[in-house]
Amino acid sequence: MTDRRPEFQGEQFEKGLQIRREVLGDAYVDRSIAAADDVSAPLQKLLTEWCWGEIWSRPGLERRMRSVLNLGMLMALNRSDEFKLHVRGALNNGVTREEIVEIILQGAIYCGAPASLDALRSAKAVFAEIDAATTQVSQR
Amino acid sequence: MTDRRPEFQGEQFEKGLQIRREVLGDAYVDRSIAAADDVSAPLQKLLTEWCWGEIWSRPGLERRMRSVLNLGMLMALNRSDEFKLHVRGALNNGVTREEIVEIILQGAIYCGAPASLDALRSAKAVFAEIDAATTQVSQR
Amino acid sequence: MTDRRPEFQGEQFEKGLQIRREVLGDAYVDRSIAAADDVSAPLQKLLTEWCWGEIWSRPGLERRMRSVLNLGMLMALNRSDEFKLHVRGALNNGVTREEIVEIILQGAIYCGAPASLDALRSAKAVFAEIDAATTQVSQR
Amino acid sequence: MTDRRPEFQGEQFEKGLQIRREVLGDAYVDRSIAAADDVSAPLQKLLTEWCWGEIWSRPGLERRMRSVLNLGMLMALNRSDEFKLHVRGALNNGVTREEIVEIILQGAIYCGAPASLDALRSAKAVFAEIDAATTQVSQR
Amino acid sequence: MTDRRPEFQGEQFEKGLQIRREVLGDAYVDRSIAAADDVSAPLQKLLTEWCWGEIWSRPGLERRMRSVLNLGMLMALNRSDEFKLHVRGALNNGVTREEIVEIILQGAIYCGAPASLDALRSAKAVFAEIDAATTQVSQR
Amino acid sequence: MTDRRPEFQGEQFEKGLQIRREVLGDAYVDRSIAAADDVSAPLQKLLTEWCWGEIWSRPGLERRMRSVLNLGMLMALNRSDEFKLHVRGALNNGVTREEIVEIILQGAIYCGAPASLDALRSAKAVFAEIDAATTQVSQR
């Protein structure tokens, strides 16, 4: 960690990074930290501290709930990259694939069919990536 | 029930109406059914059957989760009337006021501060209505 | 018309104003023109010329179609004041109340239930205003 | 049809599938049905029954109108995959390419220029696909 | 300040509160702080620290620019309460009424006419409130 | 220019084209004009005249401000193609890369983290394209 960028330091950043790792996985977070440059570092820093260090670390709502909430907001907001990321996060937090399908079905009623169909495509893509990675590992 | 509109009949409608009552309360649902006219009845019918009879009745996601999901989607979609309705629904489904505040705080990160502030105003209005009704009842 | 604001002049403005009157009614347009001040006049001018003088005057799509299109866009965009205005416009362009209800039902599928419910409330409010005005007139 | 998934059965599903075929074409619908798996089947089933079996089958609004409405909603909702699909549907329902361009021009006023430009790109892509397929067929 | 809520303390909060006062005015901020209760305090705290203490305090973009940016985002996001607040903020930061009208005209092109018309209504309401308050003061 | 399409003529179009060139660059505008066909020409014409000939040519707001405003609106509206285009425009109008990063950071607060992250990806892509083009030129 000695070679980490100077703004990627401090108690609040470490706290956020730890939770971010637990939810999104080490591989993703390591790539994200390594890829940071002068353009992306300020946003990375703030979101790690605020989103992960503050909001996701609050004890008032269990992580599984936070994942369900996020999938709903991201489906409604039409942000498929973040939605995909939080499909992984939801699985890591104990939301099952079947529950993710239920979330998307409920989205059809409240966000409309196109939002639901886009979310389903994203979820299927993530499930396929995970299955492909699992197969590779098990075939070694 | 003998005087209910003809389209407000059938197994799927009854199933939906029952769950809608459990989540949103008898008072709201009775008013809504009584107020239906030729303009609003077709949408009432379809949403009772689809949203409540089909989606909310599916066993794959517990109701507390469905409420959390709804609050997230409705905050993101900027629909304050429906949001308020589902604040009541969430409380009926066992989501606490403290958890609703957590949901709104998480909304600040993902939907932005204005969405979060609007949601907070809505939640406070519902909490105040409930408190006023409770006070009236207890003072009788 | 001699006392109209200087920017509310010219061929393109007159052309737009005429179509706007045909679609939204003289009463609304007269009020809107009379209420214009230095803050609102520039936008009034541009929208009368562009929206009404150019787009609504194009022969390539019949007005009834343009009204249906507008109701769909405005329901999706969550802009209830404009939606209400174009419920009146749609009726003037020959879209029936029954067709407006069908439009809103279709909106439930594509825009989601909350958008559809908000649109229904708006349509009902406009229908009631029109009925009240008609009753007043017929009772004179 | 004997090998179709069990949930893809029943009167309401058949009714929806028929209309969906008429609007979106056999090729698309066949691919969609064949590609369904445990993740996507529940949403496919509900949308076929609700959207196509119920809404699109209602006689109160002609299909050409429903297509115009859909293009407006999907342009506003920023859902380009569904927009493209319904450009095809609109053409099948008798909306001309020239009318689709008019719809997109009107979208510039109400949804804003970026929505209109994205819709135009999508429409051009669909027109080009159709022209390429027609050329292939005619060259055989 | 000795009677301020415990969470409304600390260096970052004070820094944010100071900038918030400079932009939105003492009257608004005092009311907002005084009205805070257990439901609204957590969000108030976070937004004062993040939005005002961190983002608005960054030297990399002059405040006038930040106000212009905010009016654009809030017009697009359809959040009229926040938009009105930042019309006041923009005026305090040196954006003129004429520039605010220009911002709204540009919004007509990019966000669409309905967003622009809603923003104009909001701006006119704020201008009128300010004029009314000024008249009252000058008549004392 | 003698071979330009007939609708791409006239004083207002020339005025708009000139400003569009100054903001978005000759290369982009030349490509765009050359690529116009019967499907895209009507929208090109209207946007060149309205957006560039009218709005961007108004003296009431300096171009740097208009660029900042546009980046805010486009980030909020979730339109990444137009956002990228106006990152270039902003740089041409004197907004620095550092200021664009500040704009995106402020977007995290008001539009939410996913909007901000998408905007950052888009800005980085444009910066990289510009750097690659500069390197190619300097290596000749």
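Every chain is named by a letter (A, B, C, D, E and F) in the order it is written, and numbering of its residues begins at 1.
FYI, contacts are C-beta pairs under 8 Å (C-beta built on N, C-alpha and C of every residue); 3 or more make two chains touch, one makes a residue touch a chain.
Just so you know, these numbers come straight off a predicted model, no measurement behind them.
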Once the Cα atoms of chain C and chain F are superposed, what angle does the rotation have, between 0 and 180 degrees and to the nearest 5? 180
If you tally the C-beta contacts, which comes out ahead, B-D or B-F? B-F
Whole-Å gap separating chain A and chain C, where each centre is the average of the chain's CA atoms: 43
Between chain B and chain E, what is the separation of their C-alpha centroids in Å? 31
Touching two or more other chains - residue numbers and ranges from chain B: 46-47, 50-51, 74, 77-78, 82, 101, 105, 108-115
If you connect every pair of chains that touch, what shape comes out? Choose line, ring, star, complete or other. complete
If we count contacts the way the header does, which residues on chain C are in touch with chain E in the complex? 39-40, 42-43, 46-47, 51, 74, 77-79, 81-82
Show me the residue ranges of chain A that touch chain E in the complex, using the header's touch definition. 46, 50, 54
For chain B, which residues are in contact with chain A within the complex? 47, 50-51, 55, 58, 60-61, 65-66, 68-77, 82, 98-99, 101-103, 105-111
Complex interface listing, chain F residues touching chain A: 78, 97, 101, 104-105, 108, 112-118, 120-121, 123-124, 127
Mind listing the chain A positions that touch chain C in their complex? 109-115
